[in-house]
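We just call them A, B, C and D in the order they show up, numbering each chain from 1.
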Amino acid sequence: MAELITYREAVAMALAQEMERDDTVYLIGEDVAAAGGVFKTTPGLLERFGERRVRDTPISEEAIVGAVMGAAMNGLRPVAEIMFSDFLATCWDLIANQIAKTRYMTDGQVALPLVIRTANGGGVRFGAQHSQSLENWAMSVPGLKVVAPSTPRDVIALMAASVRDPDPVIFFEHKGLFASRGEVPDGELVGRLGEASVVRSGSDATILALAAMVPKALQAADELSARGIEATVVDLRCLVPLDTRTILSAVAETGRVFTVEENPRLCGWGAEVVSIIVEEAFYDLDSPVVRITTDHIPLPASDILEDATIPSVTRIVDTVTRSLD
Amino acid sequence: MNVAAVAGPDLDTRLRIYRMMLEARRFEERSYQLFLEGLVKGTTHLGIGQEAVAAGFSAAMRADDLTFCTYRGHNHTLLRGAPPGRLMSELLGRSEGVCGGKGGSMHLTWAPTGAMGSYAIVGAHLPIAAGSAWAAVERGTGQVAVCFFGDGATNIGAFHEALNLAVVWDLPVVFVCENNLYMEYTPIGSVTAVERPAADRAAAYGLEGLLVDGNDPDVMYETASDAIALAREGGGPSLIEAITYRHGGHSRADPGTYRPDEEVRQWLARDPIPMYRTRLAGAGASEEQLGGIEQSVEAWIEAAVEEAKAAPEPSLDSIATEVWADGGSRWRN
Amino acid sequence: MAELITYREAVAMALAQEMERDDTVYLIGEDVAAAGGVFKTTPGLLERFGERRVRDTPISEEAIVGAVMGAAMNGLRPVAEIMFSDFLATCWDLIANQIAKTRYMTDGQVALPLVIRTANGGGVRFGAQHSQSLENWAMSVPGLKVVAPSTPRDVIALMAASVRDPDPVIFFEHKGLFASRGEVPDGELVGRLGEASVVRSGSDATILALAAMVPKALQAADELSARGIEATVVDLRCLVPLDTRTILSAVAETGRVFTVEENPRLCGWGAEVVSIIVEEAFYDLDSPVVRITTDHIPLPASDILEDATIPSVTRIVDTVTRSLD
Amino acid sequence: MNVAAVAGPDLDTRLRIYRMMLEARRFEERSYQLFLEGLVKGTTHLGIGQEAVAAGFSAAMRADDLTFCTYRGHNHTLLRGAPPGRLMSELLGRSEGVCGGKGGSMHLTWAPTGAMGSYAIVGAHLPIAAGSAWAAVERGTGQVAVCFFGDGATNIGAFHEALNLAVVWDLPVVFVCENNLYMEYTPIGSVTAVERPAADRAAAYGLEGLLVDGNDPDVMYETASDAIALAREGGGPSLIEAITYRHGGHSRADPGTYRPDEEVRQWLARDPIPMYRTRLAGAGASEEQLGGIEQSVEAWIEAAVEEAKAAPEPSLDSIATEVWADGGSRWRN
């Protein structure tokens, strides 16, 4: 029987599922244990798995990420929480230079099965340093897998896949989605990395979206449908590995492509996806590929300003409509 | 603690400090109310209970000195001279806000009077404060930079790098750890290798470990005056650990229930504002003087709140301004 | 009279020119003073400008970058050297979260006229952690200007422009170019940020390149010419601001576009440029836009492997030839 | 220094240590020659002069203990059991290299015997070593992690974060600062707030400050044994500062001329290898034993060099392998 749970609850369920299954799975981070996480994504785990496996850390992001790297080298499958994705910058050397490159530099001697989970994205009026969408930072670094689910079901399925993956995964949980609800089936749920999901089908245009942009793209597609435009919406779910097959076949079917990206424009994930489409499906395209992104600016804190900055349903609808005119 | 009891400054200064603490307290109480009314969005981190640190320091600083603080920095920014109505407007995300609504509660800045920013990523502002002090030396301005941070910040790398550089370069910067015993929900003692997260580490930078009562405004004023004078005279940086307590939770989302009742009770009994009022009354301040300040602060805060509530929402055009010094945000020609 | 100098010498000349002109210009970094820089890019500056203005630091990248940020707030125009661009990761919070966002978050109250110079790029067998081409990291962060010169002349002109610029600039000096020589005119040299340079004109294809890829693109263009293909080569020089005018007009003239990027593929600067071209000059395109990049892998250390990984003249020639067939 | 003179281990162990130092010395001398011959590309950072630290520790470690070192880590990696021919092959960028030519001089790793990597970005490996020790505790393996780093690394944030975490979590990790007085070209004293960059900071983590003679192999062996035993018994981390000296420059590009002649002379006179030879001779080692070791090491290094020179260049196919655990580098389906 399917259950209706929140995205936030799904995080704890996913971690519990994996920690139950495999006693080498550990969770560390700031306030993850006694407090159950500042976003309440890890409540109950301390009580269930004990203080050795669920552990609070000092405010030492380099030590946190370094610790999971070292532990992954020596037999654990650790999960670290970095409270806000913005703080990935404080331990970026450990992530981008050490974790991402170690397997390659050692020619496979050292495996790093670890997950770094982090609260990503805007819409909650936290301002420029606590609201960034940084999936593209991780995507740009060879050696990192990059996951960003949009539904509670995918949170569980992809977290399970990430924890079981033999490579390092950066797992982006979207702050704006924590309260959203969705169905999850009973029993163990394990997904696969690198599979996009076609969440809506239409023949006029393809909208590629990620994380919190997926529900917006879906809503936009409904409004477009009312205007007679039928759009396919693809939830990428994973940026590395990237499901180029699904992307390219959607492009082939519609000939018109839009990305909806929460990141600021320059070098966002959509830039990469567009460059792939243009290189490999150029002759399938009927019109310019259009990227709908946050402007290339830091995010303002004020609600009015923030809402007008991140791509909105209206902006998606208007952009698609205008382009198809 | 190193400074047990001090004479304190003259009565005028003490009355000024009393007023400052009261302003900070009312400002934060009202901002919390406005939060509950749905006018302040996002998050807020209140310094209620910690006002003695901010007031003692602000009173001891020179007008052109520079303050660097954290997201828990309404009090510092206000007391270093940010206009209260515009500060409150920023919390409400209005166009008149000190940062035009772009900064928000965690990023209050009022550069005209030296409130050089509230920093929301733990530890980052310690090297920045050191850098501003370096410029002060090179330009011969005589400014001192004062950098406030929490106990939790003592475990992050930037703390270590900033302290070392400041000492090696002999910079006029005062580092002030407001040790309120907790990070967000986790007690600092449970994740720190030493008992006094700042004071016990001063020696690692060749500094004296200064541990002071952060709830005593006179102690804070004297401590601040000494450290600032030392820095101004070329004596280099100080590291001060002020023990204090926030009355509420970490942020608006936190009821603070992880703290033992008895601990909270004891600290509420050490609320710096009534304590100081009693002390000042004993030291010759008249009920009229004290009551006058209190009434005046009530009027002051009402005016600030009214100003903020009346302030217009920011124009959407402002989104694309001030990324660059040309005023705009164009990244292409 | 024009003088023939190395790219390496140009760095010191540029800094000397600006430090002479403006006594608020300071230089700090590891080994920049007494040793003249580990790449010998700053010799003589200590002797000429004294130990206050040219200063060695501890190995404390966060303190270095934080120091120039604080100093820029308080009246200096400081220049920091981060020895290798890979180490930008160790101070990425200060750069991406603080320096880039401060002007915006304070609504213009705080200006940050500072330059962070860093040795970038591969080809010198230093391995995965000392060879990265990371211009795209900086490009992806709103609030940073991004410069990467390919010639001694541009080093001087663009360094001068960067030091004088009122905004923070990340200035990438390419390790593989340090020994290369070029002419510089006598007297003060001051360029402008945001102007690409058309270094070769041809009507068959446009090759967009940056830094060490510019001489390779030029050499490839010569070889292509021998095969009857005439290519325009654009040296972008600056990624932010980006000279889209020059790019788009070259595209319009040739209809065929190639990027040559030293960065690993995903989210490289070329992805962004391609997405702009496709959005704005779609109907000028005669064929798929092709990106020639380093594979999406960390760089290997061995000379043989490294040479086969970074785009080579042969690969450029072959790719362009094959695409134009 | 805390440890003035020690009895040292038994003669067999001492002869083993002598041999280890000699192997490290010859290995690095030959790698430098191969560099001059153009066979080693890129850069190399030699530990010539610092062998006593590596040998003393390696001799005291258990087979399954873990070593983390820096780009100046040929000696540690070799002495913890990396096959010499394959190690040299890595410097030559050959397919038989321990990392298949992908790592290079700065990234030597030989995981099968616990040489868990040479880290080329200063400070990064301290938290990683702590993490490996954490896993050792949780898995109950009884392993100890030993983490070597330079004096310069004591001023970077990761040092601070790693030390604090290791103490708070009581981890079996031994942090060893090889203080060779210089970073690249800059003396450590000119950029550090305390005289002893590691030992003077131990107290900031509740640790004892251990300052030892890094050129005395017996001291290093005893120090290592004590710290490792403590860690293995659950006594938590140690921080050791070993004073030593590199005979040459920082890397192949550096003639090291910034160092006073007299200083270099004095340290060359304290070369740990001849010093130790004299000591062992005095302690009963025969000329035959010592000479036997020396001859055997000459043969050993020639074999390693020959093996490396004969090793094939890596195949270009190997470029795209081992980004991921599936052996490949595909980022798409």
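Worth a mention:
Throughout what follows, a residue touches a chain if its C-beta (ideal position, glycine included) is under 8 Å from a C-beta of that chain, and two chains touch if they have at least 3 such contacts.
The shown structure was predicted, so the numbers you read here are calculated from the model rather than taken from an experiment.
When each chain is reduced to the average of its Cα atoms, D sits farthest from chain A.
The interface with the greater number of C-beta contacts, when A-D is set against C-D, is A-D. The pair A-D is the one among C-D, A-D or A-B whose contacts match those of B-C for more than half of the residue pairs.
If each chain is reduced to the centroid of its CA atoms, chain B and chain D end up 45 Å from each other.
Chain geometry summary: the mean Cα position of chain A and that of chain D are 40 Å apart. Centre to centre, using the average C-alpha position, chain A and chain B are separated by 36 Å. Among all residues of chain D, those that touch two or more other chains are 99, 102-103, 107, 121, 124, 155-158, 161, 164, 168, 190-192, 318, 323, 329, 331. The multi-chain contact residues of chain A, meaning those touching 2 or more other chains, are 57-58, 60-62, 86-87, 89-90, 93, 97, 104-105, 127-129, 142-143, 240, 265-266, 295-298, 300-301.
Every residue of chain D that touches chain C in the complex is listed here, in rising order: 41-43, 93-94, 97, 99, 101-107, 120-124, 152-153, 155-157, 183-186, 190-192, 253, 258, 313-314, 316, 318-320, 323, 329, 331. Considering their complex, residues 24, 26, 52, 55, 57-58, 60-76, 78, 93-94, 97-98, 102-111, 113, 142-143, 165-167, 194-195, 240-245, 276 of chain C touch chain B. Across the complex, chain D is touched by residues 30-31, 34-35, 38, 56-62, 86-87, 89-90, 124-130, 265-266, 295-298, 300-305, 308-309 of chain C. Chain A contributes residues 86-87, 89-90, 92-93, 95-97, 100-101, 104-105, 127-129, 136-137, 139-143, 240, 263-272, 274-275, 278-280, 282-283, 285, 287-291, 295-298, 300-301 to its touches with chain C in the complex. Those residues of chain D that touch chain A in the complex are listed here as 66, 98-100, 102-103, 107, 109-112, 116-117, 119, 121, 124-136, 138-139, 141, 143, 145, 157-158, 161-162, 164-165, 168, 318, 321-327, 329-333.
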